[in-house]
Amino acid sequence: MSQALILPVLIPLVAGVIQVPWRSIEPQRVIAFVALAAQAVVAVWLLSAAASEPAVFRLGGWEAPHGIVLVGDRLGTLMLALSTALAAAVLVYVVVGDDKRGRAFHPLFQFQLAGLAMAFLTGDLFNLFVAFEVLLIASYGLLLHGGGGRRHRSAFHYVMLNLAGSLLFLVALGLLYRVAGTLNMAQLGPALAELSGTGRAVAEAAVLLLVAVFGLKAAAFPLSVWLGATYGAALVPVAALFAIMTKVGIYAILRLDTTVLAGLDFGIGPVLHYAGLATVAVGALGTLAAERITDVVSYLLLVSVGTLLLAFGLPEAAGLRGGLYYLVHTTLVTAGLYLLGGVIARQRVPLDDGLQAGAPLAQPLLLGALFTVGAVAVIGLPPLSGFLGKLMILQAPLEHGQRLLGIWAALLGAALVALFVLARAGSTLFWKQGMPSGPQRTAPWGTLVPPAVLLAASVALAAAAGPADRWLAAAADDLRHSEGYRTAVIGEDRGGQP
Amino acid sequence: MTLTVAFMVGWLTACGVYLLLRARTLPVILGLVLLSHAANLVLFLGGGVPAEVRPPLVGSGEGPMADPLPQALVLTAVVISFAMTAFVLILALRNRRSLKSDHVDGERRES
Amino acid sequence: MASTPLILLPLLGLLGALLPAIGGRSPHVSARLAAAVVLAGLVMAGLQAPAVMGGEVLVERWTWLPAAGLDLSLRLDGLGLLFTLLIQGIGLLIVLYAHYYLPSSAPQRRFYALFLLFTGAMQGVVLAENLLVLVVFWELTSISSFLLIGYWTLDPSARQSARLALAVTGAGGLSLLGGVILLGEVAGGYDLTTVLASGDAVRADPLYPWILGLVLGGVFTKSAQFPFHFWLPRAMAAPTPVSAFLHSATMVKAGVFLLARLFPVLAGTQAWFLSVTTVGMVTLVAAAFLALFKHDLKGLLAYSTVSHLGLITMLFGMGTPASAVAGVFHIANHAVFKASLFMAAGIIEHESGSRDMRQLNGLIKRMPHTAVLAMVAAGAMAGVPLLNGFLSKEMFFSETLQPGMGGTWQTILPVAATLSGVFAVAYSLRFIHDVFFNGEPVGLPREPHEPPRWMKVPVELLVALCLLVGVVPAWTVEPFLSAAAEAVVPGRVPHFDLALWHGFTLALFMSLVAMVGGVTLYGVRRFLFRLHDRYLPEPAVLKWFTEVELGLWRVARRVLGAWENGSLQRYMALLVAAAVALAGGAFLTSGGRLAGGGGEWPDLATLLLALVVALAGAATVVQQRQRIQALLWVGVVGLTVSLTFVRFAAPDLALTMLAVEVVSVILLLLALYFLPQSSPPESTPWHRGRDALLAGVAGVTVGGLVWAAQGTPATGIGRDYLARTVAETGGANAVNTILVDYRAFDTLGEITVLGIAALGVFAMLRGFALPPARELRGRRWDPDAHPLILATLSRPLLPLATLVSLYLLLRGHNAPGGGFVAGLVMGVALILQYLASGSRWVRGRLQVRYRVLLALGLGLAAVSGMVPWLWGGAFLESAHGEWHPRLLGDIHWNTTLVFDIGVYLTVIASVTLILAELGRLGQKRIGRQRPYGSTAPETGGKGA
Amino acid sequence: MIAYAGTAALAMLILAQILNLVRMVRGPSVPDRILSLDTMYINTISLVVLIGVLRGGTAFFEASLVIALIGFVATVGFTKFLLRGDIIE
Amino acid sequence: MIELVVSILLLVGAGFTLVGSLGLVRLPDFYARLHGPTKATTLGAGGTLLASVIYFTHHGSGWSLHELLVIVFLFITAPVSAHLMGKAMLYLESRRR
Amino acid sequence: MIDRSRWLPHPVFSLVLAVVWVLLNNSIGPGTIVVGLALGLVLPAVTTRFWPGAPAVSRPGAWLRLLGRLLADILVANLAVAALILRPRCRPRTALIDYPLTVRDAVPVTILSSIISLTPGTVTVDVDRRRRQLRIHCLDLADESALVERIHDRYECLLEEIFP
């Protein structure tokens, strides 16, 4: 039933609204868990339903393009499920106590989820803008959670840049509407195809402006400058949730490139490629320079962003397919590593997650094992999901042979750097001792289970790589042949003419 | 006519960008305000700038009416811009306290 | 046929690793579990052996990731079997040995778990049918060996060596991955069956040099070939059982194993010969030479290992079937004698507390049994007849003499081989003489004696094997070797004779030279040691490595710090520049022309608006440092933009903008109280010029794009609403019906944003206090806090404004207005009360919790969208109609009004919450004095 | 006739706004500029109403109503800022 | 006739508005200039609004008196701003002294 | 018993609000009037806490006289001031004067000062309630005492009558 598409937006929205007036935290937590459980059920349902054909929900019963539609295709519902999984892990982690380190965590968290769901499901470009704003304003609040000067400075930079980015988004939408006459994503493609001359040039400019805006969200070079400081300053569970935030940008680029620009020769591929190369380079540099384990994770996140840009910038279908697999992998693993970093930090009290020799950890074997799994996954070493994803991306350019060298150099080089850095980090955190062991506190289960499950997801994703890839291949196929999406949204008879 | 409105937008953009590149929070926020005017105008101009046009109120007279969609979109954008401005302004106040300066990077002492 | 799946072999290790990890705290239990796992593997291999030796190649396949050509396919052929037996057999002995070697204080669970993990990985390497699977296990050996080498975690050199090993072998693994992907691409698949069958195609492919280079990158790093040999001696920081395993049968053998595996595909070209042989030869000679000078027992063995790996590499490099067979043979022989030598060295260290040959002397008297074992094994290493090492070394010598290499190679190879033989004899002799003879021990920590009985058993078994193979090769090793050779040189297995005596050949002569030369060299060792110490000091590899680590970190930090310098100005400039470059570039490159359409002249009003905007914008910029004036100018801009909306027929927009302007001014003024009243002049003219340039370019780009866009025909779908709105929604104000009907979802999102902003502001301001701006502190303010006229007149304005706001709310569907602007008017009216009478006064009279109101408004909007579900409608679906009550006349009702009321409440709550909370900020005291002297008590709205 | 008179009136109002702007530019004091902005707001009412009459529509009535009702709040804010610094006490 | 009245009112309103703004520019000191907006408020806006009342009453269906509300609101709010601006100047001058 | 002061605290104001509502809607339908009256009843009751002790208002005649005088003065004074501004050499005799108040309640004081500000040529710039005087700026002052007397006679007397 297509109405269910509204639920992922509505459930967290209503939950957040109900949470707002409560002063004490317990009822907020209960509401959060109930809402998330419902959200998970809906997400799984939508995910399974998307396998047949894109579900379309016309809000208010209004036909596209005059009304807003929500579209649950494979990609959208996948992103939804991914964000829900991440949210579940973060929620379990955060109720151990981090949610009390500031105000209004739970409503902001729910609103963030609502915004994410809206962004992943909407079929309208302006509605995507609104969704971005919802999730951004919530993220601003979450970013500040916990307080502190470092957090404030980086949050201010993050907010200002994103505000400027939002304005660019508006400019792009204005130009696009002016020349194409619609902002419905399914209709934009055919409308753009009709353009020529100056109209087409303006449209291309607008599309690239959108790429810049989404690139800012995704932290693509050179708009990656904010990520390290921002994520480094955020509270660990917030950073973990934000693993999906850069993916929103990636998602939007992907949506633009496939659903809107499918079949058009609006070449954003080269832009993505070069931005991807540079992003990987900066990410690798940042990993080398990091002084804290969460910073290492942040810059590895940047590397993964670059990797995705490289994959999606390829003309081959295999790039898309491998990129999607890698997208799922990196989101889960990065979040897991952030949370693990948080657990480690709690056991190294004066140093926290700083990469210096400290007192021995309370649970070295367990945390060490988790760290190893996470490191193997994130570096892209076999046999975990990171390797499989990178493998597919490495193979992808062989078909046409374009951009092969760059992609290989970037991916293999970044993996080497990550290997080098994480070996050093792990050796410092788990092996080196620079202080006598103090009073040792083992981590509560609530903080251990989320990273463990997220990292185990990498194992599961690797083990079930075949089925997962088949599903993602279908998703990639949908994206490359957007007729299905268009037909579902605006109907065959109208042939997509505005 | 179109050149005039394009000039308006471009000029506002230029002023906004210049302020956006300043070092203190308030001028930067003012730059954001100017830029949001520019962005709203661009969105608004998505409906074109016919010299003689009526408001999109059906049945209020004769003659061509303006495209209502960009107007509605700008309305939404205006509200969002306001919300964001309020938020970032108060964030700037918090920064001034925690970073002891109203510099955007919080580093230099205020004069 | 295979009775048990092959996959169990690697899985035994990989999953079996969990057994010792979770199996109890006792080291005994861990060790036994580990032994059981390895034994099971050995038994399984043994069961498969007859079939394989009968010429069968067992292949088995599980699909994994077909899209990448990655099937979990395994093969057991002769080569794999030989390696499996070595791995599992020696592995079992290592477990036994480690049980006695490891002190009880050592974390043994970790040891056995990692050991099994490593065994499983290595097993996977040798069984891989799919080359990608081989890479998978290959990297797993790197990871698990990293963890094993760093086993003594508190030892800095152990940690550093582990990292060094991982960095080198990990890099090699990535190189190998690249090579394998290319190889699979050229061969049309990754399965060895496919790859081995397409050797000619591969060698002819233009990608062949790349494939070869990348694969060899993996091989040479893993097998510690020059110039990547330096990690191996440092890996001796591992516990000796680990060294015994890693550097005999496993890990380093993975590299030469791969040479054997891909021999049929890659070998036989000039490039192969030149690269592999040369590298092998250099490694062989140099490492053998260096081994002589290591005073550390394990160091000597390590360099000897490197040298022997060079020997094997060289054999494969020569590219003939016979040399390949010799290579395989030497792999097995070296594994056996080197494992026993490492164990012997471990026993000596364990019992004496030292590995330094300058301390260790005359041990034959103290541990004669061990001494005999070590001496036999060392003899094998030196290539003494009747021991296994002799056989393969003879084959090696004779291979170097094969004709067909051409030219100088014919001389270089035998000379190098002989030279290496000389060194090998010398260092083997040193291992024997310097430890077990050569006088009395010097300053040993402990008085050495024989180890426990069972600790020697593994060594005894291995030494026995050396002898057996050395004496009766045909009965022991030959079947395995032929099976393995069949896998390496399929169909071309040369006749090889494992007899001890081939007659007086040139090879025998070379052996003799080696023996004599080696003894002689050892005789003049003191002189050589002095020369070595003077001219070839031990390179401080670990120090360099840590310095490289540190240096990389420093450089990276500096470069990153220069790029991400924490300056918002830089970041903003980047954002603007990127956007401008992308958009402008796209426009120009795709042939856009700046021709903004019709020659319609602007009317007076439009010109004026543009003029005012230009002036006010410029003034804002020019006066930005005097902030109150900048605010005034921004107010002018806002007013002018509102008027622009009036000019272009957007009443709703104009209305809303005007109200928002008022709220924004109040907001900015509230904030300005806490901010400096002026900005310091801190940017240089150069900066300002750069910013102005960027701003100008941005302005030209946006303006230009707008102008160009205006030249195209306007075809927006928006005008459709005009024709439909009345019929479909009952509303005549198309803007409003879009907001509450057609695109109500946007509006829902928009008020959510507003609500979240208010909530965020609330969260930020709670418990937050801020002193006023420095310039304003201590200023003598006007004593009249709440001017009478303002206070008196603002109060009746509240009900009047309420009336107006309700009017705007109710009429919005048909005339300019609607929930948003209505809420703003109401909010401003409330804020006016705060301005006029103070927040204390208002709070005393207005018992509204804005957060609750906010939740109510948002909730109402959301719930009103859900109501249509009751009759099966869609979310946010609306209904409308006429109602004709008797007295009141026609009433047009519309369910969207409920939604709009939600918007209305949300806006009121948010705006008031934000401004009122900010307004209270000034009343929170942080120990500041009364702001306006002590006069005027009657106006004390403040303080009190 | 209304069209002519209206156009003339429009020109006069535009001129008036320009004059307000002149004061805004010249200042010299902050109250002068506040006064200028305040006058602009009030003149805007006339402008909006005039446009309504010229275009024959009442679409901008609400705008003039809202300026008349709450436009002065901005002026209140500015002046209270000068008088008290903290405009909500 | 109606047209004439409307036209005259429009011109009178605009005229007084213009005079008010002229005063804003021409008058020598702040307090003097403060009188300008009251001109715009009273006869300026009043004239225009009255014109609108008459125009729409004549052209529309029935009485259109809601413009009177604008006048009323202006009469309530304009003196407040004028008063506060004067007060602000007074205060600034007292502080400067 | 119904407590009238609670349910209908300001009957006149309620009526005013109803009229304003009708004016806003620009139509005199029965529905509009009913809603207007309802709002007129509800809004003062809801907002009554915002104006405690608002004086009772009576004497509609005095009110009308006040309004008439005000409108007439505005017309006349506007012309005078316009002439002043348009004079080629613009040198008015500006002055700040203190006006002694006789009314004391907040509401009449406010109304008086508003009237003073609304009539061109004079602006109330300050209210000094302790010394019970208004500070008035005059654009072109000929005779201070005459002005004070005029304001008192034309407006303040009526206000005293309305707010006894």
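A, B, C, D, E and F label the chains in the order they appear, each numbered from 1.
The rule is short, and it goes like this: a contact is a pair of C-beta atoms (placed from the backbone, for glycine too) under 8 Å apart; a residue touches a chain by one contact, two chains touch by 3 or more.
Given the structure is predicted, the values throughout are model-derived calculations rather than measurements.
Shared contact partners of chain A and chain D are B, C.
Comparing chain pairs C-D and B-C by the number of C-beta pairs in contact, the larger count belongs to B-C. For chain F, the chain whose average C-alpha position is most distant is C.
Chain D has its Cα centroid 21 Å from the Cα centroid of chain B. Chain centres here are Cα means. That of chain A falls 56 Å from that of chain E. Spacing of chain C relative to chain E, judged by their CA centroids, is 69 angstrom.
Centre-to-centre separation of chain A and chain F, using mean CA positions: 62 Å.
Annotation for chain E: residues touching 2 or more other chains are 22, 34, 41, 64, 66, 69, 73, 76-80, 83-84, 87, 89, 91. Contact of a single residue of chain C with at least two other chains is seen at positions 566, 568, 572, 576, 631, 649, 651, 672, 702, 706, 709-711, 714, 716-717, 721, 743, 746, 750, 753, 756-757, 760, 764, 779, 782, 784, 787, 789-790, 793, 796-797, 800, 804, 815-816, 918.
Among all residues of chain D, those that touch two or more other chains are 10, 17, 30, 34, 56, 58-60, 65, 69, 71, 76, 78, 80, 83. The touching residues of chain E, when paired with chain F in their complex, are 16, 19, 22-23, 26-29, 31-32, 34-35, 38-39, 41-43, 62-66, 68-69, 75-76, 78-80, 82-83, 86-87, 89-90. Of all residues in chain C, only 779-780, 782, 784, 787, 789-790, 793-794, 796-797, 800 touch chain E in the complex they form. Against chain A, the residues of chain B that register as touching in their complex are 20, 25, 28, 32, 35-36, 38-40, 42-48, 69-70, 73, 76-77, 80-81, 83-84, 87-88, 91-92, 94-95, 98-99, 104-106.
The touching residues of chain C, when paired with chain B in their complex, are 566-569, 572-573, 576, 596-598, 600-603, 606-607, 609-610, 613-614, 617-618, 620-621, 624-625, 627, 630-631, 634, 637-638, 641, 644-645, 648-653, 656-657, 660, 663-664, 667-668, 671-672, 674-676, 678-680, 682-683, 691-692, 694-696, 698-704, 706-707, 709-711, 714, 716-719, 721-722, 725-726, 732-735, 738-739, 743, 746-747, 750-751, 753-754, 756-758, 760-761, 764-765, 768, 770, 774, 814-816, 820, 907, 910, 914, 918, 921.
Residues of chain C that touch chain F in their complex: 787-789, 791-793, 795-796, 798-800, 802-804, 806-807, 811, 833, 845-846, 887-891, 938.
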